[in-house]
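See below for the structure under consideration.
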Amino acid sequence: MVIVIQCTDQIGLVAKISGLLAEEKFNILSMHEHVDKSANLFFMRLEVDKQSNGVLEQKLHQLLPPDALVKVNPNPEKRIIVLVTKEYHCLADILIRNYFKTLGASVQCVIGNYTNLEDICKRFDIPFYHIAFEGSSVDAENQILDTIARYEHDYLVLAKFMRILSPGFVGRFPGKIINIHHSFLPAFAGANPYKQAYERGVKLVGATAHFVTDDLDEGPIIAQQIISADHSLTAADMMKAGKEIETAVLAKALRVVFDDRVFIYKNKTVVLE
Amino acid sequence: MVIVIQCTDQIGLVAKISGLLAEEKFNILSMHEHVDKSANLFFMRLEVDKQSNGVLEQKLHQLLPPDALVKVNPNPEKRIIVLVTKEYHCLADILIRNYFKTLGASVQCVIGNYTNLEDICKRFDIPFYHIAFEGSSVDAENQILDTIARYEHDYLVLAKFMRILSPGFVGRFPGKIINIHHSFLPAFAGANPYKQAYERGVKLVGATAHFVTDDLDEGPIIAQQIISADHSLTAADMMKAGKEIETAVLAKALRVVFDDRVFIYKNKTVVLE
Amino acid sequence: MVIVIQCTDQIGLVAKISGLLAEEKFNILSMHEHVDKSANLFFMRLEVDKQSNGVLEQKLHQLLPPDALVKVNPNPEKRIIVLVTKEYHCLADILIRNYFKTLGASVQCVIGNYTNLEDICKRFDIPFYHIAFEGSSVDAENQILDTIARYEHDYLVLAKFMRILSPGFVGRFPGKIINIHHSFLPAFAGANPYKQAYERGVKLVGATAHFVTDDLDEGPIIAQQIISADHSLTAADMMKAGKEIETAVLAKALRVVFDDRVFIYKNKTVVLE
Amino acid sequence: MVIVIQCTDQIGLVAKISGLLAEEKFNILSMHEHVDKSANLFFMRLEVDKQSNGVLEQKLHQLLPPDALVKVNPNPEKRIIVLVTKEYHCLADILIRNYFKTLGASVQCVIGNYTNLEDICKRFDIPFYHIAFEGSSVDAENQILDTIARYEHDYLVLAKFMRILSPGFVGRFPGKIINIHHSFLPAFAGANPYKQAYERGVKLVGATAHFVTDDLDEGPIIAQQIISADHSLTAADMMKAGKEIETAVLAKALRVVFDDRVFIYKNKTVVLE
């Protein structure tokens, strides 16, 4: 059973928590904690050897500062809805892991603003909804909300969803929307970043998975990684290489999120692995 | 013997060049070439098995388009001047490789705007000049120019030199000043980038070596690399990790530059390894 | 159009080849060559801008040493047969790329010595043959040969096929069988390498893709890569991490093989990228 | 102040330890712990905000199982003796960090079985002893022991020391000798491993830092890393690349050892970072 705790830091927190668990006869299988001194915040993730007797969460709240966020036995099988545009690489990786039950979550449905990824979803018996973003994006967002409402869901995963969601939409799902996007050293703003990166002769192509906030592409970072590039790559080659690393980075981010290892505060994350 | 060629691309360039070399009884030990289709440019680096008979460069120019840049047997032992501020990591790496004759260049002198790195230079018998940047940077730049003028030099290496050189200064050394700086995904402008990176919770710390142009930190990139980071690193830890990767990236960039593997055009490089 | 050449090295080979191409009005789009001095062998891969007029291969043979291997316009769409046991990760990656036509080859059929991967093949309309290795492996190998004979094929891909193929079988497909296997620093022989790696506390988990020869796990290496590990990983975690890197390394190896970038000689490869 | 603990695992250990620290008014700045379930062992490293009142170690022993190894405030400035042969790269890196006080240890002296590294030591005012391994290695080992005896020392660092130390010698310094050696996938036994690696066409060059035990190159691993290689590297190039990664891996290993982050048990390590 997993227990996650986030609260103001105090002397003796670890002693209190581990003392309670010992008293209640839980054996700690793994414990990761982190203290952010500058923010005076305490983060902990525990795995214990038996299921809760139901009152553990209440007892933890009695021990901990009043601002404590405590989750005892968070839903171990997350449910997700995936949003896509045209690119298949991240979606296919998610569908494969979902099919073989190694995703740590179950895909409820896929929403795409094109239809080209409908067939791959059908092959895996996953409902696909086509919602075009051609006219007003307000209409499209409302259709998405209606569709989402029909399914239980813990997270929305933007698996190369290339439309901008409004602050109003994003604000409904704080800490619940995960995005993957390309990233470079230096960063390139504006259209066609791969072309810009090619013209600048970058020697790296990267990807960043992050939670979505109102500030586009600027939410708390969950995972990042890069692969090397050189002059022999065209802009199209860089895009291909970018897709490989995007797939890997999103997979890594989803693994730690679904495994309850990610804590959000301010505009950053703690990932307790 | 090394031969490097950069010119407008044409059909048959490789045939012409390799034909001439065969005719002149040079055996090609290695040949790397690259064509940038979008810029219609041809780049080649050759190693051949004997020294030039002196007329080879002239014969190559007769064969090649009029815009051709040709270097036959470029100075195999570059001479460099290193500029530093307070941080030792890149300078020490250069001094060690210089001492053991594995730098591919010889350090003529070191110029620092603080004095704390004077002793390490003396231990390696390298002249050190202290030129403060306290008053007018015009004066300081003039002192640097006077000092540089006393030494033969192929390149100026900014090994964590934390002062901004004026366009007038930079303009005197086109393609001859090499800089190393931290870099992140996303990029952070302004003061104290490590603090910004920490506050943003980046999962990577990187470094970029590049030629210096008027556009600060924006010249042609020679080498880039990153190391992984996580929430357990403080801003100070990120800076430490950054130093390790800066040292490695600058060493890599110097190796390829001194080995005549780097071609500059537009705002980018081709590195033929 | 791709041209690949492998032959004894001679002075003037590049001049001869590029001269012929210029004469025949081919424009060279990219050219990679390598000379192994110790083996006195020359390797070249060219991309040119038009299809062969049919006599180019013959003219190349007239120019080149008698031992030359020349392929002009090798089949750009390879056909492959995939062999699997129980693990899905490499197979699924191949099936996805095959479905989206980014594999550079087309999967003809899949042969498995268990049945658990039959369903995923069916979802992609790929024939699956169950051939158990329970009794004599001679019988099983004969069944595989019979099955293979029903399909055109350029390569056999062992995508986590955990049975040993006999020298007789392997000898029928020289340079045509590609395998992926785990690998570690140091190497671990015998059963359950992940358990051994765990007990030794390795800090890396790797994977190697290679051509299969009689010497098990010892054929020419095509691609290798690693990911970091530490004490917090159990043997099962190491195996999971190993699967991610196996998938990536096999994908990379297949890309360069299918793109005619890999040359085999002695017990090694040249990969011209 | 650092506290490190290694003992048989029990329910409630974390509660006991953190309870004692809270009672004694220590604030925990960082805490890392690991439990090896298969070995039933508990490992912990703590940083607390004040120095010990002297009785803390005794109180910890009263709390913990009888087999507990406890170090309260281990010597924060380790003293080391470095053994070298001819290669400079690891030694120079250690001398630089030692000079700038970023090594986390102080170099007492250097022992070399050649004299070529004497000058660099003198430039840093570090005593150098030449002890040849030409005749009996028993004599040479005795000379090393005599030399070592003249200095306080916590660790012996074999910084490319290319002689084999006898079991008798090694047995005197259990967990106190750190070695760096090249490593490959697959591993190569015997002489000239870089030549073997070249002939096998490996795509990686690696390095492993480990504690030395009687079993040559087989002690507990502290750190490992690799860099990519390809066919364009000669055996000499691979050796050069190997030196870069050896330097980086030994530096990393020394950092974690000197920072009291490494625990040894069985034939492996736990590194609590």
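Per-chain residue numbering starts at 1, and chain names A, B, C and D are given in the order in which the chains are listed.
The criterion applied here is as follows: contacts are C-beta pairs under 8 Å (C-beta built on N, C-alpha and C of every residue); 3 or more make two chains touch, one makes a residue touch a chain.
Since the structure is predicted, the reported quantities are computational estimates derived from the model, not experimental observations.
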Please work out which of C-D and B-D is bridged by more C-beta pairs in contact, and write that pair.
C-D
Can you tell me which pair among A-C, A-D or A-B shares over half of its residue-numbered contact pairs with B-C?
A-D
So how far apart, in whole Å, are subunit B and subunit D when each is placed at the average of its C-alpha atoms?
34
Mean-CA-position distance for subunit D and subunit C (Å):
39
In subunit A, which residues are in touch with two or more of the other chains?
232
Mind pulling up the subunit C residues that touch subunit B in the complex?
11-12, 14-15, 18-19, 21-22, 25, 27-31, 33, 35, 37
Any idea which subunit B residues touch subunit D in the complex?
88, 92-93, 96, 99-100, 120, 123-124, 232, 244, 248, 251, 273
What does subunit B use to touch subunit A in their complex?
34, 36-37, 183-187, 199-204, 206, 208, 217-218, 220-226, 228, 230-232, 266-271
